[in-house]
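Here come two complexes built around chain A, the first alongside chain B, the second alongside chain C.
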Partner chain A sequence: MGTVSLQLGQCGNQIGHELFSVISDDSNGPNRKKYKQCSDERFFYESSTGELVARSVLVDMEPKVISQAIAKASKSGRWRYGDKAHFSQKQGSGNNWANGFCVHGPRHEEAVEDMVRMEIERCDRLAGIFTMMSVAGGTGSGVGTYITQRLRDSYPQSYILNQITWPYGAGEVIVQNYNSVLTLSHLYQLSDAILVHENDTVHKICSHLMNIKHMSISDINKVIAHQLGSVLQPAYTADSPCHYNRNPIGELLSSLVCHPEYKLLSLSNIPQMSSASLAYSAFNWPGLLKHLRQMLIASARMEEGIDWTVNVTSGGESVTNSRHKSFNSSLANLLILRGKDVSTAVTDGFKDPALYVPWLKTENCFSTWNSPVAFNGYEKSATLVSNSQYLLKPLDNIVRKAWNMFASRAYVHQYTKFGISEEDFLDSFTALEQIISSYTHLS
Partner chain B sequence: MQREKSVKVKEVITSLCKLLSGLSIESIPTAEAFRRAKFNREDAALDMWSLLSRLLQRAFALDCACHCKDSKDFDMQLLFVRSALWHCGYGAPWVLGPRPPSHIDEVGSRDLLLAFGWVLSSGNLLDFLLAEKVHQLDVLSSAPTIPQGLTHGQDDAVTCGPGEDATVKTDQVLQALQWQCGKLRLQWKSLLSVQEEGSKFTHRVISNISPSAARQPHATGSHHSNTTSSALDKELERIQALNRILEAYLDWKLHEPLFWCWMDSVIDSSLADVSEVEPADWPPGERAVTVRCPHSNNPRRAVRRLDKMLLRLQTDLRARRIEQSTLTLTSQGGRQGASRLSDRQRMEVEKKVAGYLEGLHLPNTSAITSSGFLPCLQDQQPSKTPHRFHNGEPGLAGTAGKLQASAALGELREREAVLQWQLDRLRQNMRVDLQRQASTIDGVVLIPPIKR
Partner chain C sequence: MTQSIVVQVGQCGNQVGCRFWDLALREHAHVNQTGVYDEALSSFFRNVDQRRAGGADATGGRITALKARAVLVDMEEGVLGEILQGPLRSLFNSTQLISDVSGSGNNWAVGHHTYGLTYREQIVDQVRKAAEHCDCLQCFFLIHSMGGGTGSGLGTFVLKLLEEEFPEVCRIVTSVYPTAEDDVITSPYNSVLAMKELTEHADCVLPVDNQSLVDIVGKIQHMSNTGKPSCTIKKDCTIISGHGGVVKVEKPFDAMNNIVANLLLNITSSARFEGSLNMDLNEIAMNLVPFPRLHYLVPSLTPLYTLADVNVPPRRLDQMFSDAFSKDHQLIRADPKHNLYLACALMLRGNVQMSDLRRNIERLKPTLPFVPWNQEGWKTSLCSVPPVCHSHSLLALANNTCVKSTFFDLRERFVKLYRRKAHLHHYLAVDGMELAGFNEALSSISDLIEDYTHLEHPLMPNAPRLAIAT
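What follows is the complex of A and B.
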């Protein structure tokens, strides 16, 4: 059983490398033989010389980031990337989604597809395809979307989970909102689920919780990798309570994204702090879960500054009692607990039917995974993967900003010259409006 | 030529029979019985009857689970077949007529054959039966769907009462159903990957035990049976059966157009018979729904003939394409022969079509044009026609009043291009006009519909 990863573009390659590092470090901790075995089988294969090789394909239109990732991986001494599993070119996509999707993607599809096929054939059982990319740039978003489309055609019966990184609201690239709108609307049709990280949120976690003064991209990527690792590492689930589950992506999807209209997943993780203060902190499960639950309903991005006045009200009450602030309603949640004494953790706070839509029974919308193995240096840690209104506001922001630019046709010619017409833009806007409306009607 | 054609028809029908028996429909008649039924022979009636009734029983198995399959009671069978045919919208007199046949013997074998053709062509019965069979043999090969035979999906699956409350409730029920359906689909994917893993491991185990058995799955004999377990044998049998059915289906799909050509000839021969028989004993209302059309109804016959001709041409074209591709594969020398042959054949077809068109065109011109939208084939451009032939055969080109198929096709294509151009221009004008109008209204943005 293996999960094949795809690292697309600069962002995807950096996050991918961090993810494999976190997983490898975590699996090599003490007292975790079976855990390591399961994790290794999931993310690596053994080469003929006995080295661990990542089940991953690296794609970028520029060579720099890929060669860095490959060099760092082989320096770790624990694992490396495959010799023929990377593809790069000399010329980037110039932050233009259309250039990636219409030019670079089709031009190199065969080479990339061959690499992915090699990795897939190496798995006895393909547990899913996991892609990592940003939505702001050109290569990750444009080529990534194109490749996802090709993979969906070639592997219609496999799970495809897309991890995407949303740009800073303040803006890195002038056309980032265009790129985001085009990527999201296309992926929504292709992917089984889209796991979203917002740069703004992760940045805040780094500065407020981890106390990092001079933040680098690598720090941000480490936080994302930590969160992803806490989801993807082995755990006991409802389907396999006695063995580490062998179908992580499948189980994740079938507990969270069964409805075709709702595919956006957000991640929150607790606790997160610098390694210096970690040594002096003690956590208990009730405290962690109470915080995590309040983060969920108040739609808080991190543990600090949670609004404790937000309360869950059932539908009837909220009409009569308008003093309550509206809370973040969920379609489904998955709670992953790792560390000491997980069996004592009480998760009843997440089983409140008022948190969820009325048309689903709670046993359908809430599930728990756990593992007694402490994750990545944290004695206890809890991760919540949520299909909820959490991403509604940032999504609305992106669409609004992109629409404002589109209304004056700014930069549109940069896209039309590669074959993305104004009608394609309008289709994308319509699709995203539909998603926004679906999520708005959850509550 | 004629002989070759009849051989082909036999082949086609045999492929259909193979497919039907693969779909486990019992009592399939021979191709010969089909031929006899075309000429309304009495001895084919029983064969056709049992085929039709078995097929209908399978098609409606979901709807009438209580129906006794081995019913020897012919009256019951007759009633069932008639109502089933009525349900599929088949309106032959023996099904709908005021004086239903009291016994099977009264229904001619050709009528049964025609009914069989109707059942086959309405809905996609064969596809449905195939899907069902494949699902039986290989539970995981297809995504979970709602079974749907000849009867189309009913809208009243979720009953809703009047009032807003009810619609909200149905909406929620629908959402919950969509969720459950999605869950099933995801779990199905998991099971599929487990199955794949299983087969990979099986292969590895077998190739470790005996490398030759894994490399030669068809190896038979004591060696084979020694090394594989009975469960594996069963698995092999299952997969082979599945392959046989899928191959039969592909074979049938290849030949299907020829079968419909042949069915057309059945209808023709039935029409020819009708013109001799006095059709006066049917009330006029019934006559409208029957396949048999009165002899004097010229335009309809003309359209039928046109349809038929089109089908024949398409079939010929397809056959030729297949023929050519296989010939190209075989040898270089063979290819030249083929092109020469096909040239001659094309001339032959063109001549034949010209004959058809002429026969159709001359006596019926007024009838066709008077009904408005029917295609009107003009022949008053003798100056244009000659240079349009590839091959200047003087006899054909010179004959006034005759219309050549190639000329007609070219003409139609030209007209199509002109019309298309006009349509595009009109569309463009409309769009510009619309945009102009929209720009005068403040605060309105027009979003075109989603393409997919």
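What follows is the complex of A and C.
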């Protein structure tokens, strides 16, 4: 079964390239024949000359990033992108969601859809469509949203998982909050789940955990790709304990998204460190899982600086008790364990009913995948994909900032110029306020 | 890759324009050592093969003959004549130059109405020809001055033409503002009349003020003469130097004009070269212009010079960021730090990392007042190719209420003349110019000043969020 990826816009294409690099490097490690076979089938196909070609379509409105990605992939010698699987234009969307969604999207939909269909037809069975894009700019967000909409129409039964990158709080694109609000509100209607990476979080991981002094965009993308790879690479699941699961996207969705109102997924992983210190570190499963659990309930973005005073309070009645800090409540969690002695890991800490909403059965809320193969150089590693209140605060911040700007009608003329009206903005704000309200009142 | 066309109008516009072409050639020669006509070159230059009729504009081939994507307009022959005899002559076909003999006599109305009408067809023809040579035309750069007759009058007429003929293409205008002691007595009239056109028809205006350019030149010359041995300026490595270009003879205003040329080089660098965080030209207006009329972006360039000492401590890099906000690095006389920011772009070139950028934004943010609804109004870009002779550089574009003071002064000087109806008859004698034009221009600049003032007192500081019934 194959997963077809879409790399949209500058950010999506950079992350996509890093993701395929991580997957390819990881699969080529020692003693992992079956693992590699399964991973290769999932993400690549073999060309007539025997080369591995990524099942990916690259879309951008300007050529620079795509040509870099294609050149770097060919240079790896292990894999490359398809000759006819990339689409670029000469002029970008200028950070304007409306330009991407109303102009560039409709203008190029046929070309892009044809490419996606070619890739889908190449799979003997389609596991799902995985898109990567940022929400801040114009192309990834605007064109990406439009293409997602077209794909939803053409493939109503297929899984669509959108990976999106949330911008830094400040400093990339000034209208990023408008673009984010418009993207998220539309995607929420279309996508099966939205997997979110926050640049601010990843930036902190790079500086605090990886000790990177002069951080580049590529360092940040590598961390995102590492996290994605740890989810998407082959693993055993409860349903298939002896064979690698065949459909990571389908199984991920069925274990995490139980209700269409709740589909924001966050990722956290442990351990994460520079390769220099990795060589001198030893890990044990109880320690890793204890940290990861506390990261979950304290809503901590990384292993460092976790608030250990946050406790899970049972029954819900003492949540209001001022002695307890409120904890991050979950709808569902998926724990992915990779590495040595994975069968000895005890995951009971994640099975506490108090972690979850009362209206779901706990046994449906928690799942584990595992694989004895060490991932990407880490002897042991754990990744948690969580459908929880984790993203509530950043989402609320985006909506608050966008709303402040909208109250002054600043920048709105740039959007109405391309056909997005004030009404459309209001609809998007309403949709997101609804999501915020739903996640706030979980229990 | 997209292309841009430069339209330079009037004496000042053409002098600045030529410094731009010279420095652009120098920069590309520095980066492109192989002599191949690459994508970066194609943004401002065509590659013409004289042997073939159609010309060879495809990238990847050898450079045969470079032609500037430009239209040069002046109503006197002097400056254009010099260009045709000077070392840059091969860059232009004679048809790209449009000139008259008599000049506009420092009269906006003559430039705008008389010459506008006469040369309209010819200008449109030449611009259209230049546009046809572009694969994907993204932007027009108009260079002109505000004080005279041709640059100000005909320049703003050309701006209107560009909007009519190419409504989709972004228009970025570099306007050189006169000093208060300008020797053109009618310069307040010309400037205020031109302002109305700029406010209505440009996407972005980069105001540059002669006095600031003089001050910066003075500062650099002072440094290079009296610098302590520990901070000797690397020779010819200042933003006023044209060293290394094809034009060897230095003219009196070249130092000042080189600053403006560097501004244009830096603003386009991210669209021309590779970088991990590119900024397209159409992103400038999108991010920096929250309201259509408030599109005046105050530029500042740092560093002004590179020291001979090759070690760059991080402190010096941070200093570059601080300088970009200081009063004496602005290209117009204004103090952004003590006024309100609507939005700010930082365009970096050379050896600067994402983390340097983030660190400095965090550091400077608390000292800079931003409007409440755009507290994080930063747009950034990183271009990996530094300017010639520097290891890194920064261009800051600030949409800041400090431009108001320039407009305020201009209006004062306008009113002083207008109250006495001084020199009015020269304007009203021109066909197409009426007294109403003066009143409209005056109220346009007054409205603009008012708009900036209003921002300092926001209407809805804390609009309540939409409430969801639970």
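One rule holds for everything that comes next: the second predicted complex is superposed on the first by the 436 of 443 C-alpha atoms of A that agree within 3 Å, B and C clash if a C-alpha of one lies under 4 Å from a C-alpha of the other, contacts with A are read in each partner's own complex, and residues count from 1 in each chain.
The rule we apply is simple: contacts are C-beta pairs under 8 Å (C-beta built on N, C-alpha and C of every residue); 3 or more make two chains touch, one makes a residue touch a chain.
Computed from a prediction, not measured in an experiment: that's the story for all the values here.
Q: Answer with clash or fit: chain B and chain C placed together on chain A by superposition.
A: The answer is fit.
Q: Classify the contacts of A:126 with the two partner chains as first (chain B alone), second (chain C alone), both, or neither.
A: first
Q: For A:207, is the partner it touches chain B (first), chain C (second), both, or none of the two (neither)?
A: After superposing on A, A:207 lies in contact with chain C but is clear of chain B.
Q: Answer with first, second, both or neither: which of chain B and chain C does A:258 touch in the superposed model?
A: Only chain B is touched by A:258; chain C is not.
Q: With the two complexes superposed on chain A, say which partner A:429 touches: chain B (first), chain C (second), both, or neither.
A: A:429 contacts both chain B and chain C.
Q: Identify the partner contact of A:92: answer first if only chain B is touched, second if only chain C is, both if each is, neither if none is.
A: second
Q: Mind telling me which of the two, chain B or chain C, contacts the most residues of chain A?
A: The larger set of chain A residues in touch belongs to C.
Q: In the overlay, answer first, second, both or neither for which of chain B and chain C A:154 touches.
A: neither
Q: Nearest 10 degrees is fine: what angle do the Cα centroids of chain B and chain C make about that of chain A?
A: The C-alpha centres give an angle of about 100 degrees at chain A.
Q: Give one of first, second, both or neither to describe whether A:360 is in contact with chain B, with chain C, with both, or with none.
A: In the superposed model, A:360 contacts chain B only, not chain C.
Q: Go through the superposed model and pick first if A:397 touches only chain B, second if only chain C, both, or neither.
A: neither
Q: Between chain B (first) and chain C (second), which does A:47 come into contact with in this model arrangement: first, second, both, or neither?
A: It touches nothing on chain B or chain C.
Q: For the combined overlay, can you note the least CA distance between chain B and chain C, rounded to whole Å?
A: 7
Q: Residue by residue on chain A, keep only those touching chain B in one complex and chain C in the other, then list them.
A: 407, 426, 429-430
Q: Which of the residues in chain A end up touching chain C in this complex?
A: 10, 62-64, 68, 90-92, 94-96, 138, 168-175, 203, 207, 212-218, 220, 399-401, 403-405, 407-408, 410-411, 413-414, 426, 429-430, 433-434, 436-437, 441
Q: For chain A, which residues count as touching chain B in their complex?
A: Going by the criterion above, the answer is residues 1, 124-127, 157-159, 192, 247, 250-251, 253-254, 257-261, 357-360, 364, 407, 423, 426-427, 429-431.
Q: Looking at the complex, which residues from chain B come into contact with chain A?
A: Where chain B meets chain A, its residues are 172-173, 175-176, 178-183, 185-187, 189-190, 192-194, 196-197, 200-201, 445, 447-448, 450-451.
Q: Over in the complex, which chain C residues touch chain A? Could you list them?
A: Residue positions touching the partner: 1-2, 135-136, 138, 274, 276-278, 280, 282-283, 285-292, 343, 353-358, 361, 365, 371-380, 458-460, 463, 465-468, 470.
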